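Two complexes follow with chain A in common, the first pairing it with chain B and the second with chain C.
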Partner chain A sequence: MADKMQLCNISENNFEQCTKCTICTTVCPVAAVSTDYPGPKQAGPDGERYRLKDNAYYDKVLKLCLNCKRCEVVCPSGVHIADIIQHARMSATKGHRASLRDTMLANTDLLGTMANLVAPVANAALGLKPTKLVMDSIMSIDKHRTFPAYSRIKFETWFKRHAASTQDAMPHHVSYFHGCYVNYNFPKLGQDFVKLMNAVGYGVHLLDKEQCCGVALIANGLYKQATRQARTNAASIGKAVKVDHRTVLTTSSTCTLNLRDEYPALLNVDTSDVRDSIMLATRFIYNLVDEGKINLVFKQDYKRRIAYHTACHMQRLGWQLYSIEMLRMIPGIDLQVLDQECCGISGTYGFKKENYERSQTIGSILFNHIAQAQVEAVATDCETCKWQIEMSTGLAVENPVSILADALDVEATRKANNLIS
Partner chain B sequence: MRTDTIIMGGGLSGLACGIALAKRGQRVTIVASGQSTLLFNGGSMELLGNIDGQVITSPLDAISTLPHDHPYSKIGTSRISSLASEAQGLLADAGISMEGTATTNHWRITPMGVAKPAWLTLSENIRIDELDKLPAKRVALMCIRGFFDQPNGMLAHGLRQLGFDVQMVEFTTDDITALRRSPSEMRAASIAKHLMSNNALQRVADQINKLAADADMVLLPSVLGLTDESHFKALQDMVHKPLRLIATLSPAVAGSRMQSALRHYFQMLGGNYLMGDTVVGGNLEGDKLLTVTTAKLGDMPLRANNFVLATGSFVSRGLMANYERVYEPIFDLDVDADGDREQWTRFGIMDPQAYSRYGVATDSGLHCLKHGKPIGNLYAIGSVLSGHDAIKMGDGTGVSLLTALAVAQDILSGNK
Partner chain C sequence: MVTSEVYKKEFDVIIIGGGATGAGTARDCALRGLSVLLVERFDYSTGATGRNHGLMHSGARYAVTDGESASECISENMTLRRIARHCVEETDGLFITLPEDDLQYQQTFVESCQRSGIRADIISPDEARHIEPAVNPDLIGAVRVPDASIDPFRLTIANLLDARLHGAETLNYHEVEGLIINQDRVQGVKLINKTNGEHVEVRGRVIVNAAGIWGQRIVQMAGAKISMFPARGALLIFGHRVNQMVINRCRKPANADILVPDDTVCVIGTTSDRIPIETVDDMRVTREEVDVLLKEGIKLAPSLATTRVIRAYAGVRPLVASDDDPSGRSISRGIVCLDHAKRDGIEGFITITGGKMMTYRLMAEIATNAVCAKLGNNVECVTALQPLPGSEEDAPSQSDTTKRYSFGQRAAIGRHGSLAARIEKDNDIDNALVCECEGVTVGEIKYAVHQLHVHNLVNLRRRTRLGMGTCQGKLCSCRAASLLGELNHDVKRAQDDLADFLDERWKGMRPVAWGDTLREAQLTAAIYQGLCGLDSVVNRQGKEDVQ
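Here is the complex of A and B:
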């Protein structure tokens, strides 16, 4: 009763809870390097007061926001600052047409399907200086960027040819939302995931229909398409969870955040009934180990010094604990956890010519920390952080799932889980 | 997930406790719901500054006269001195170099220009050991054009009251002027981010050397050194006069740096720091807390042998109030607070406020109480504790550090 008045007095993104402490602005990676961007307090809750009166108060510098969500993570008052900014962008750009460049960058499925067909040509062409210059000048995609290489064979194709037939025989089952990156660019991560899950007795299954989670579509203003794809994915995930009774696992922190939280918050696609069944593989596996349901045996001779980078969206999910603790289970790994800093790429943001320099300046703090850490490789759960860190530091960047699969003694693990005698 | 100790709250107290435990090999997880009030700290720690309006010069002596419900009395006055030096060592190990002693208070200068008793102050900040022996007579107070976080007139007035001969010097540089494109963000931390290169610092030094040539000492608002003290040292080398920083309004650069340094040190020791997550409940069985649940870890609760509540006071939501009562929101622990709402506040904003002494009730070992009974493995430390008053007694940061280290010792020695 006593709480009622105060509870009723909170708006959707609880912006009136902002106490103007300005802590969010101290951690904003964009405000730190650009005087054009006023920072999350001004762009979010402060600006919202004006925009509620009249959308003409919308300030176009809001497009500089990376949507890294570090502001939300540090807010002592629980204000959904990044959501306020995203909503403002969405309502201000309603009806606008996205540019060809933005449409191309955002359409990972379309681009991926085309590129897979001609992967060697596409990779070579995308790497050529003339192509880069054309993209730089006509498309405004920065020439310093290297497009992640396209795989010749999609993960889904590999899975159907080489893995699908043996999955049903496993004692337990999960579904896998692989994401575009695994499908078109880096099937090895998906293969590592299958190897790891199979070694502990879990069969892996694809969703009935998976489309790109849509994070790039949202970032580039293609909201209708993002909503369509969100509905398709929500339906497929719904079937996997409610009909097949399978947890849906992922290997990308950003896809995971998008499926669980951005679908309802930004696209109005309700995933609340399956939200708890969508999770990163490291969280799922950690819990199995923690509860004594599975055993992992690692290779004796596996020795590496690795730094763990907490991707911004991973921090927003709050699940870095699981990836870090999984890596710590590997006896041969000397793990250094890096201070949480933004790498600056934020999906397609850093590919755009107008953002390139800002993107690299933002990332420079992290790159310095990585250089000081004197490690052989970096682990992170985000594929775009991977591109950025690899391009900027020259070090290999691997998903924790790949590292686990690599370090795993598969035969010994299968024995330890009574899958073979 | 099994750890030795779970700490709820990632501010000064939670981090100090976490570091002390992790240093001795414990597996520790800190759950921090957002940044802490340490970001409001201008670069000083206080042990005990005032009792009933009387200024304290020798805090260690005065602590023995405190009432029995003060957190220092619960720790035991005999432990205070060694805990204070342990705290100073811990800060130094984290890379935070502070000066001062627990036996004699010095004076820090607030952003409003008031001198307040302090225990430790960052080496680069202005510090007055004795009020009749100022560190300099003629000071140039550097006032950055368009800067939000320094009330120049008030500060100059305060410094003059203390006996300084103050010359107010307005200045700017191209780097700082560029920031004024977002005038609302002319804040200390924003400026500090744009004063990290030697070139930017040299432009500040050129202005200081040109405009403050007559001063014995230059006072610059604390807009330097988000990462470490190297920017201050670089600027001091470029400036011809002794340079000191003066605390600004918050969020403060000094507090921001202390928070990052402590968090970094904690993580280097193997601790897990979950920023942006909140403990929402726990599984209490008899006098023992078995697990806690967080908003983001969801259906996978955290297990531990010991738990520490370091969630802070009202501003950090460690304590909450509605129209009927003051309460502790996670476990609904017993709180020391008036039942009658009329008693919570006094009308004058500068009057001692009853609510600032409210907090969770603990036994003499700082175990939290529920329905009058102690929970054997749940401790409270820092601002969430009752019986002290950070504003009127100047004991906030001291209570945070010392209760943190005392509880860490008790946990390590297996005391119940």
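Here is the complex of A and C:
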């Protein structure tokens, strides 16, 4: 071809690479249960051609997309299908004001800060039947849902009071992006993470300034705020990686995907120079073990039968093997790895009244698999999967990091890593 | 009327050729109360009508060299915006000056436009980049003109629909084999019905030859001679729109200097080569043509260099030598209407040719005036005032849909205007998408088959855009073939049709078969030849109509 033209097709999110094979639609959890939703191929690359002609062809049913990204995982042509759909939603709703409900669901930081102050009251109130009915009818938050309980004390506060002073003495160092869930609802996961890292000689440091990663803001149309928070986080992570030379670890798969891939793809916040230094704790620890840099010793009497559920965003990262292999290192664990299925909650999606039924129908395959696995608990790297599975199966759901920390013989591990003689 | 009864009737006027001009003439004649038969050897809009840019010229392109054509264009342009709203997209156009072009020409250009009554506003390069982000950012000048985009398939069908509403009969797949001539008078046409091989004769008082470049043969059948100069033009279709406005070069017309946004795609063209008349049926696009189109195209919009080309096609302009210059040096691009009684002493025979798709209505009016003069009909022409079916004022809006996911319904409104209301959409089956790229539903296909003269998948494509999207029929053609098989109660015919349709799609992809378009084609081949074993059930011998 003359003048090196047409060597490749370059289009936003690779949408021109779609060869219409339709494999994406076969794995879409929403299309499988809802005839209203046309599936990722149609909502993504097909619809995009019409939207490029005229944005009036944007269709409101695109709101039904979970952004689970299973379509992107299977696409043989590397099309960023979910990003195309997200972009279309973003440009269609630009300038619209999000509803009170969506704003409330999206603002995990603000809500968390307020709720922490009055945690016992907030927890009690959010759990009350009248409150749930009011939220259901006025705010369209489904009455079957219970908000995750708020902790009395924030993780950051606990860390500063009980852990910060001893971290500098460690031989190695990492930064920790804890996320909202750890900070406001479940500091134990953060504490478990610190316990695990400290046991193998890694000091844990908070970022200069951490805000909610913004995944819920994006899902609920609050793009400006999401972009502002992304910039703050990108700056803090940039400093940790480039100035302090620390890897930034996380314990939530969705926050991780958002920081690494959604910031540049959806919010135009470039994190490419630090992307490889942001990772889930299980991947980091697995690599240390694999390279022989650390040793883990587990309690002899730790015996559990656990199922591992691969969160959709975990699958998009392609990192489920790290968490699975870490759990397999614990001698007392009988691990059942479940087929990858979507649990249906997708962050704030399942909280919305209009999505509740669909959310539960999507999740039913997974819930059946869990029931058949006959386990005492489920492990997963995503907090919203945790809420959904706990609510829908009655089983406890734990992060692999918590399970590792519980099973760890701390003293023996420290010895094995020459931290005490 | 049943076809066999049509054969027996004598018509006031028989029109040869189912392109825009023929369809427009049929409409005009029918509106003036004449009994009309239109015959077409293939499908409607198979020739030059369906093989151009889909550009609704403002006339600016001709302003400097041919003021008369320019005036005709702008006048028809304004008319079509009114009468054919559902076929037209009012995009406006830019004439851009690039660093290698002479900026002086812009002044001449604007003055010429004004002389022809075409609005032409000089805008700054900054503004041009702002209103059309795809434009070559290196431009040094830009003029905004009222160019637009028009769908010639839709336009032709709308004219035929209106003609039929007013009593006209239309027969596609009926080729003229000869004329019925009695002494010096043409009294009818000898036809072959290409669907069953039957030979018939139909009588008419006046015969209008609107067969485009193929009209030369018709004139020969009458015993006269006309010198036509076929000018071939090749074009490329890109997979999606990169531009929202027509982009032209502000210089003397040359190769590949117009980029038109057409529906979901954009089209660059054309080349221009004189070809021998014997080769007008060979529409293959050459590698050289593809190269020229791309090389020049990226000067208009640089992103074309990396945008997927889904198809190439070519058409033939019917240029005519002026009668006073039999050498052919003086060629008219204007409208030529020949009354063969005056010219050659042959009564009852008129040829309408030359012109452009864009001026089809005016050509039809001129031809109909000539017919009416012969028949002593004094009814006034109303085609410039009366909207075409689908373009009435009360067209449904895009939000006038019944289903939660209404992509197909909205795409159909875009294609059929107010007639989209006739498409069944009350159940999930009728709403199901057959062509996913272009949003064609089962309901739309049924409507096309029952109302718009669809015999096969190629016809269906021209009526609905089925198979015209990125996958070029990969997903929709088997579904559509199955529907046609059901509606026609003929599975074997549907299988053959499917194979023909896929061949026809490949023909257009072949000249641009690289990169993603090649991957696309390979997947299609794997599905139909490998998975479905299509070659083993279809006999590919003796296929003529793959156009």
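Note that in this section the second predicted complex is superposed on the first by the 413 of 421 C-alpha atoms of A that agree within 3 Å, B and C clash if a C-alpha of one lies under 4 Å from a C-alpha of the other, contacts with A are read in each partner's own complex, and residues count from 1 in each chain.
Note that in this section a contact is a pair of C-beta atoms (placed from the backbone, for glycine too) under 8 Å apart; a residue touches a chain by one contact, two chains touch by 3 or more.
Bear in mind the structure is a predicted one, so any value in this text is a computation, not a measurement.
Asks: Using the superposition on chain A described above, determine whether A:Y286 touches chain B (first), chain C (second), both, or neither.
Replies: first
Asks: I'd like to know which partner A:E411 touches here: chain B for first, chain C for second, both or neither.
Replies: neither
Asks: Between chain B (first) and chain C (second), which does A:E376 come into contact with in this model arrangement: first, second, both, or neither?
Replies: Touch partners of A:E376: none, neither chain B nor chain C.
Asks: Is A:D36 touching anything from chain B or chain C once the two structures are fitted on A? First, second, both or neither.
Replies: So A:D36 meets both chain B and chain C here.
Asks: One more residue to check, A:E354. First (chain B), second (chain C), both or neither?
Replies: In the superposed model, A:E354 contacts neither chain B nor chain C.
Asks: Return first, second, both or neither, reflecting whether A:I324 touches chain B, chain C, both chains, or no partner chain.
Replies: Once the two structures are laid over each other on A, A:I324 reaches chain B alone.
Asks: If you stack the two complexes on chain A, which partner ends up touching A:Q17: first (chain B), second (chain C), both, or neither?
Replies: Second partner only.
Asks: Could you tell me if A:G47 is touching chain B, chain C, both of them or neither one (first, second, both, neither)?
Replies: A:G47: touches chain C, not chain B.
Asks: Check the contacts made with chain A and report whether chain B or chain C touches more of its residues.
Replies: Touching more of chain A: B.
Asks: Figure out whether A:D273 sits in contact with chain B (first) or chain C (second), or with both, or with neither.
Replies: Neither partner.
Asks: Both chain B and chain C contact which residues of chain A?
Replies: On chain A, the overlap between the chain B and chain C contacts is residues 1-3, 5-6, 19, 21-22, 35-38, 41-42, 46, 77.
Asks: Spell out the residues on chain A that touch chain C in their complex, using ranges where they run on.
Replies: Chain A reaches chain C through residues 1-3, 5-11, 16-22, 35-38, 41-42, 45-50, 52-53, 56-57, 59-61, 77.
Asks: Of all residues in chain B, which touch chain A in the complex?
Replies: 1-2, 29, 33-37, 39-40, 178-179, 181-182, 184-185, 187, 189-190, 193-194, 250-251, 256, 260, 263-264, 267, 272, 274-277, 294-300, 315-317, 322-325
Asks: Show me the residue ranges of chain C that touch chain A in the complex, using the header's touch definition.
Replies: Against chain A, chain C makes touches at 239-241, 261, 263-264, 291, 294-295, 298, 305-309, 398, 404-407, 410-411, 428, 433, 436-437, 439, 469-471, 474-475, 514-516, 519-520, 523.
Asks: Over in the complex, which chain A residues touch chain B? Could you list them?
Replies: Counting only chain A, the residues touching chain B are 1-3, 5-6, 19, 21-23, 25-27, 31-33, 35-39, 41-42, 46, 72-78, 276, 283, 286-287, 290, 315-321, 324-325, 337, 339-340.
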